[in-house]
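Okay, so chain A shows up in both of these, paired with chain B first and chain C after.
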Partner chain A sequence: MSRELVSANHAAAMAAVLAARANRSGRGFGSGVYPITPQTECIELLCEEEIEKGQVVRVESEHSAMAVCIGFSLGGARTFTASSSNGLAYMAENVFNAAFYRLPVVMMAVNRTLGPPWNIWVDHGDTLMLRDAGWVQLYCEDNQEVADTILAAYRLGEDPRILLPVMVCQDAFILSHTMMLTDFPEQPEVDAFLPPLELPHRLTDRPRVVGGLDFPRETEVHRIQHANAMALVPEVYREVQATFRSRFGRALADPVVPYRVEDAEMLLVSMGTTASTVRTVVDRARERGIRAGALRLRMFRPFPEEALRGYLAGRARVGVLDRNLCPGLGGIVWAELRGVAPPGCLVQGYVLGMGGGDIRPEHVERVLQDLTSRQRAGEPSFVEVGS
Partner chain B sequence: MSQARDTQASERAAMEIRLHGRGGQGGVTCAKLLAAVYARLGKAVQTFGDYAGERSGAPIRAYTRVSDSPISNRNKLYQPDHLVVLDPTLLGPEVVSGLAEGGTLLLNTPLSPEAMAAQFGRFRLATVDATAIARKHGIGTRSVVIVNTTLAGAFARALDLPLEVLEAAYRELGFESNVPAAREAYSALRVREAPAGGGRLPRPAVLPGLPAVLPLSEHKEGPPTGLKTGSWRTQAPFYLRNPAPCSVRCPAGNDVVGFVQALARSGEAAAAEVLGRTTPLSAVCGRVCPAPCMEGCNRRELDGAVNVRGLERWIAERVPVAVRAAPAHPSPRRIAIVGGGPAGLSAAYVLATAGHRPIIFEAERELGGVLRTGIPTYRLSRAALDGEIDSILRLGVEVRSGQKVDRARIPELARAHDALLIATGLQRLRRVDGPGEALSGVEQGIHFLRRINLGEKARLSGAVVVLGGGNTAMDCARSALRAGAAKVTVVYRRTRAEMPAIAEEIDQAVEEGVELVFLRQPLGFAGAGKLEAVELAEVELGPPDASGRRRPVTTDRKTSLGCDLALLALGQSADASLLPAGWKLEAGRAHADGRPLNVFAAGDFSTGEGTVAHAIGDGRRAAQRALAALGLEAEVWAPPDAPKAVRPQDVRMGHFEGRPPAHEPTAPAAERVHNFEEVGRGLRDGAEARRCFSCGDCTSCDTCLVYCPEGIIRRKGTAYEVDLAFCKGCGICVAECPRKAMEMRAS
Partner chain C sequence: MSDNDRKEAKGGNGVSAPPVQKLSRKDFQSEVDPRWCPGCGDYSILAQVQKVLPELGIPKEKFVFVSGIGCSSRFPYYLSTYGFHGIHGRAPAIATGLKMTRPELSVWVVTGDGDALSIGGNHIIHTLRKNVDVKVLMFNNRIYGLTKGQYSPTSELGKKAKSTPYGSIDAPFNPLLLALGAGATFVARTIDVEPLHMQQVIQRAAVHKGSAFVEVFQNCNVFNDGAYLSITEKPVKDEMQLRLEHGKPLLFAKGKKGIRLNGFRAQAVTLGNGVSEKDILVYDERAEASLSVLLAEMQPPSHPMPIGVFRAVDRPVHHELEISQRQAVLKSKGQGSLAELLGSGDTWVVS
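Right, the complex of A and B next:
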């Protein structure tokens, strides 16, 4: 193991390179990349690395970057790319294609606010825009988790029961450009964790058509198969967690990460780095005798319904902190979570930190105050954060 | 399911450092360095930058958190324990906001902590002039000084961090070369402790109010120019002329880049005007100069040196260069010049154009010296030589030809004139000093060339051996071929790589059929009454000598080379016996009994350098020395410093398109070997001048204007104007200048 002081952008690239090299005894590694702030450092590092049986193709757009990954993956190679914000929007058509071809592409997405007007800082609207694209989506909270989740994403997505692409999401700048000490396993450990990819439908020297015309019956079945694979993800993820722990000696976080929930009357639910600040506020509330707890939603697709139902059971109030906005609906996490809350539970949505505002404990205190004083749930509430 | 970082959000024992700098100063890297130091001390660390899209020059912040327990706080730093300010112009209430009283305020400034105390005395003040230290150690980009690594050294001292841990962190991050600067800052830091009783201000619980924002459907007032980014600047771009390597290396002192650029921009008349400032012999140098300018040409690194020699000939063939007539001096002086070779002619040119009366005493019937007697006509057409000499004489130069001046006549000439210049060249010829040197058939090459060049009958046959490896050897060999020799062999004691002759001359000699034999040292000559063979010893190359070339070591193995004529081209030196007894040369001026005389040595007689270009340069210097000695206030030219010239790494090669050099067409070898007609036919056109990078000299190429991220550089004629109200001092214009005609200076 080595410990390095690196940004989460570099942590992602370093983990991807370990995974890439692990497939050298298989069909190698291929990647299509196109830069965008705040993801650029990640692919710059990827381009600098020499990878045996590996090729990184610098293309002219995000759309082509994913197309290159699709090609490599169909050929049986392990693949990786990274993008962000409007880059993801431009890539979108091929994001769907990768999933519908059932290819275990891994993409690191840095969450950045969609423009215009232009903004380079974090919110989750960009990857949530792709929540229906058929990918597994995992959201990280710190640098170590970014590196670990990239490695786990390959093990998960390449599982023959799953065969789905995985998006590993991290907050712009708060993670992407922040340097922290991060542990990386040695190559032989990664080799053992990630056996060579065997894509059952990879292209061979026998020509055939991929992705031609599906008639209604075929599409219907393919979609049902896609849904079934998604449904299996939580179970396979648990297996990946166990293997990860035994191989690398540290835990891989759950799809839903609880904090001081045992006797909590109310829960604050968030994604990404907001959860760090929420924990500070939960601690302060506990000091004041308020029985607050927190959930961090790490897996957004598939939506971890079972785990959430378990944590929400018996709670009186749930506040959902969304760092995104679906205009006309509200926060997307709130909208989805409403459906799994038990009857009688007050679920209130809060939208805050869009455009990268620094969500401080004081802002979350406001959320908690509103949640405790509320008689019933209402329209989503905006908490303005500023810079 | 419970995990360390998810079960307890501990911020105990945390220390927070905030850095303020400008985009491009390396604040983020500085914060990272500090984090790396604390990581090595076993702490948990977190470090990140805080900036928007303004890039270079914009105020930025960077943060480092240090803790004994895992860090999960991801907020920016509002209440730092310590503050580092990379740029003193940023200092203000906003920068120090939140800093605890008694907290360390580390400033990059030449000022003392006491000088800052009136404003910031409630903090622990630490100051160091990191900019001066970083500049001294050459830390930065092509254009701007970067202070981050230097300042981190000062921080280590301020916080009492072990220097060896700091150095280890530098090594880890690849900044090892910056360690000396950090060390210097470490010891140069000055600290003023905070007054006792200071404490952390209470953390403000109230969040700041938020500004109103206009809806997008309303026009936003104020164009982007409302932000006067010039206030961010600490350095500003300046346009200047840096010396080009070609000009610096020219022994004649020609403004090489100047004449080539004049040709490219304004044509041959302008180019001739530039050349005429320093040389009257461009048609000559354009043919026979070894062209050190081309050896120094930065374009060699891209696709081959600019053919400067070819261009000089091309200009001189179209516009006479030596036409700088000047009004007569109010009290013109009579100055005698002994020797009408290139040094004498150059001196006469300087004196005549200054309105004085030079008188040349020449031993031969015609002027030119070695240009006429030594250099064969196939290299230098006599029409070209005569043309330039005529131009010089027309400026008002008297000539006494056919008068060999000996030692006895020197004092007399000195007395009869206001000053005397001795420019007799290299008259002493080196010999083999071996048996048989007096045999018929052994001849000094210089004498042979004189016979040929002055048209005396010199019809050869049989085998000729030339001893030596310089230009005289090549001239002898190729002249011998043209005079009818059946076979010509050049014998040199080292190898081709060490031959002093111009490379093209060697190539052309080989093309014409001259054979080269290396690693042979002549011992003597054999023959009964008449030369039959040259006796040679085999040579091995030993360790390098003072000139850097490997020293030839003679072995006992002997060989013999049969021939009918042996030509000695072993080198020449000045004949010092020309000076009267008791006279001594000091810095080019003759002295008798320790007193200076108005007698000056010029050209090869003085320097022994042995090229036309050196002779021209030193001839000019001698003339200027004479005028200075006569109180005529002439400026004496001195060769400039080579190290200051623009280097290849200073040139942005990427801004230039590759185009190979233009070569002069030459007569075919089989044809030219039968006559003495000029081999080089001159360049077809002057387009080669456009290959010149114009090192150090602005060409108004607009690269600075195009690359300026603020768009605030404007053309003003052929020059530029930088709008300092908006110039951030980012240095991009300077970094992108293709030719180093700009630099950043403190503003």
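Right, the complex of A and C next:
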């Protein structure tokens, strides 16, 4: 193991390079890359690294970056790319394609506000826009988790029962440009964790066409297969966690990460780095005798319904902190979470930190006060955090 | 399109120029302080555009500058005209829509080598082939500046940049050849450090009816400094720049050298020793595109770098074709009726 002081952008690239090299005894590695703030340092590092049987194509747009990954993957190679914000929006057509082709592409997405007007800071609306794209989506809280999740994403997505692309999401600048001490396994350990990719439908010596015309019944079958694979993700993820621990000697975080939930009457649910601020506020509330707890939603697709139902059972109040806005609905996490809350549980949505506004403890305190004093849930509430 | 807009657009298929008070450079400076890196070539381009616009006799609210993403695309902030900071690579398409609905406006696209030729490559060629009446200023710094120094589609072979630490293996675009290949009716090149030349070229582009494509060699002094030094430095520029002038022989190096045709090739020759001015090719910007292609292919060190107007020809512009086609169809087929259309052809009554 080596310990490095790196940004989450570099952590993602270094993990991807380890995974790439691990496929040298297989069909190698390929990547299509295109810069966009705030992920550019990730693909720059990838361009610099020597990867045996690895190739990087500098493409002309995000749309092509994913297309190149699709091509590499269909050829049997392990693939990786990174993007953000409007880059993901432009890439979207091929994001869906990668999933519908059932290709285990891994993409690191830095969450950044969608423009216009232009804004480079964190907001989860970009990757949440792709929540229906058929990818596994995992959201990270620190640099170590970014590195670990990239490695785990390959093991998960390449599992023959899954064969799905995986998006590893992290918050712009708060993680992407912040350096933290991060542990990386040695190559032989990664080689053992990630056996060579065996994509069953890769192009071989038997000519066939991928992506032809489906009639309704065929599409129905394909979609059901896709849904079934998604349904298996939590189970396979647990296996990946066990293997991860045995190989690397540390834990890979759960799909839903609980904090002081045992006797909690109310829970605050968040995603990404907001969770660390929430934990601070929970600690302060506990000091005041308020039985508050927190959940960090790490896996958004598939939606970890079973785990969430377990954690939400018996709670009186749940506040959901969304760093995104679906105009006409509210926060997306809140909207989805309402469906798994037990009857009688008050679930209130709070939208805060859009456009990268700094979510500070006092903002989360405000959420907690509102949640504590509510008689019933209402319209999603905007907690304005300012600059 | 509202009735008011229609009234405004009436009779103005080109740019309408009602008498207006004389404007100055200052009138086109916005309240926003230009923010590019100190020493960036973009400042010069902004200054020259601000000098040319008041001379066109067009009220400033009749100008629209549409940009995409990149350093160049900050341009609209700094002009007190209408501006539109669009999305990456799509400025030509946005400008097309705008020009179609408001043909009386003078519509400009400000873009860079990345914005226009990477992510927006598709849109730029179709705008040019359709001869949409927009003026495209493409700042070519041969690097991605805003993302801090990755190679661009105009970076030279072997270019070492942050995305190509071992050198680029991809052949660069020649933007002028691309524009000529797309059928652009006005194609020109100028340089950020040649302000008077730039003003002349921008003025010509502004009055051209149809798509105008102007490549501006622009120095990115932070991520690709000196990209054009070999043609802009005082001791070499006479030898390395060839100024294209319609109807005049292609002479450079203070008239001591010129370009002559040798078969299908343009050959740089020194006058004297049997070579006289009458051997030198006389430039015609309205000739077949093949002549412009020949010149656009010229590159140092074997040739000087041509700057100026490579091609300026007339071809019907897109919005006029659209309007006249509509009128012709209406004239031949009449107004038509939906009921008649639904009841026409292979239809039958179910009883």
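Please note the rule applied: the second predicted complex is superposed on the first by the 387 of 387 C-alpha atoms of A that agree within 3 Å, B and C clash if a C-alpha of one lies under 4 Å from a C-alpha of the other, contacts with A are read in each partner's own complex, and residues count from 1 in each chain.
The working rule: contacts are C-beta pairs under 8 Å (C-beta built on N, C-alpha and C of every residue); 3 or more make two chains touch, one makes a residue touch a chain.
Quick caveat: nothing in here was measured; it's all calculated off a predicted structure.
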- Query: Putting chain B and chain C on the same copy of chain A, do they fit or clash?
  - Reply: clash
- Mind working out whether A:Gln55 is in touch with chain B, chain C, both or neither, as first, second, both or neither? neither
- Query: Regarding the shared-chain residue A:Ile120, is it in contact with chain B (first), chain C (second), both, or neither?
  - Reply: first
- Task: In the three-chain superposition, say which chain, chain B or chain C, touches more residues of chain A.
- Result: B
- Identify the partner contact of A:Glu384: answer first if only chain B is touched, second if only chain C is, both if each is, neither if none is. first
- Message: Quick check on the superposed pair: does A:Glu44 touch chain B, chain C, both, or neither? Answer first, second, both or neither.
- Response: second
- Touching A:Thr372, do we find chain B (first), chain C (second), both, or neither? neither
- Query: After lining up the shared chain so the two structures overlap, which partner does A:Asn86 touch, if you call chain B first and chain C second: first, second, both or neither?
  - Reply: second
- Message: With both complexes overlaid on chain A, does A:Thr243 touch chain B (first), chain C (second), both or neither?
- Response: neither
- Query: Taking the superposition as given, does A:Glu362 touch the first partner, chain B, the second, chain C, both, or neither?
  - Reply: first
- Task: Return the residues of chain A at which the contacts from chain B and from chain C coincide.
- Result: 117-118
- Residue numbers on chain A that touch chain B, as the complex places them: 5, 117-118, 120, 142, 173-174, 177-181, 251, 253-254, 257-259, 273, 276-277, 279-280, 283, 296, 358-363, 384, 386
- Which bits of chain C are touching chain A when the two form their complex? 69, 85-89, 117-119, 121, 144, 146-148, 150-151, 153, 162-165, 168, 170
- Going by the contact rule at the top, pick out the chain A residues touching chain C in the complex. 33-37, 40, 43-44, 47-48, 58, 60-62, 86, 90, 115-118
- Query: Which residues, counting only chain B, touch chain A once they are in their complex?
  - Reply: 1, 3, 5-7, 9, 11, 32, 35-36, 39, 44-49, 52-53, 71-76, 205, 207-208, 210-211, 216
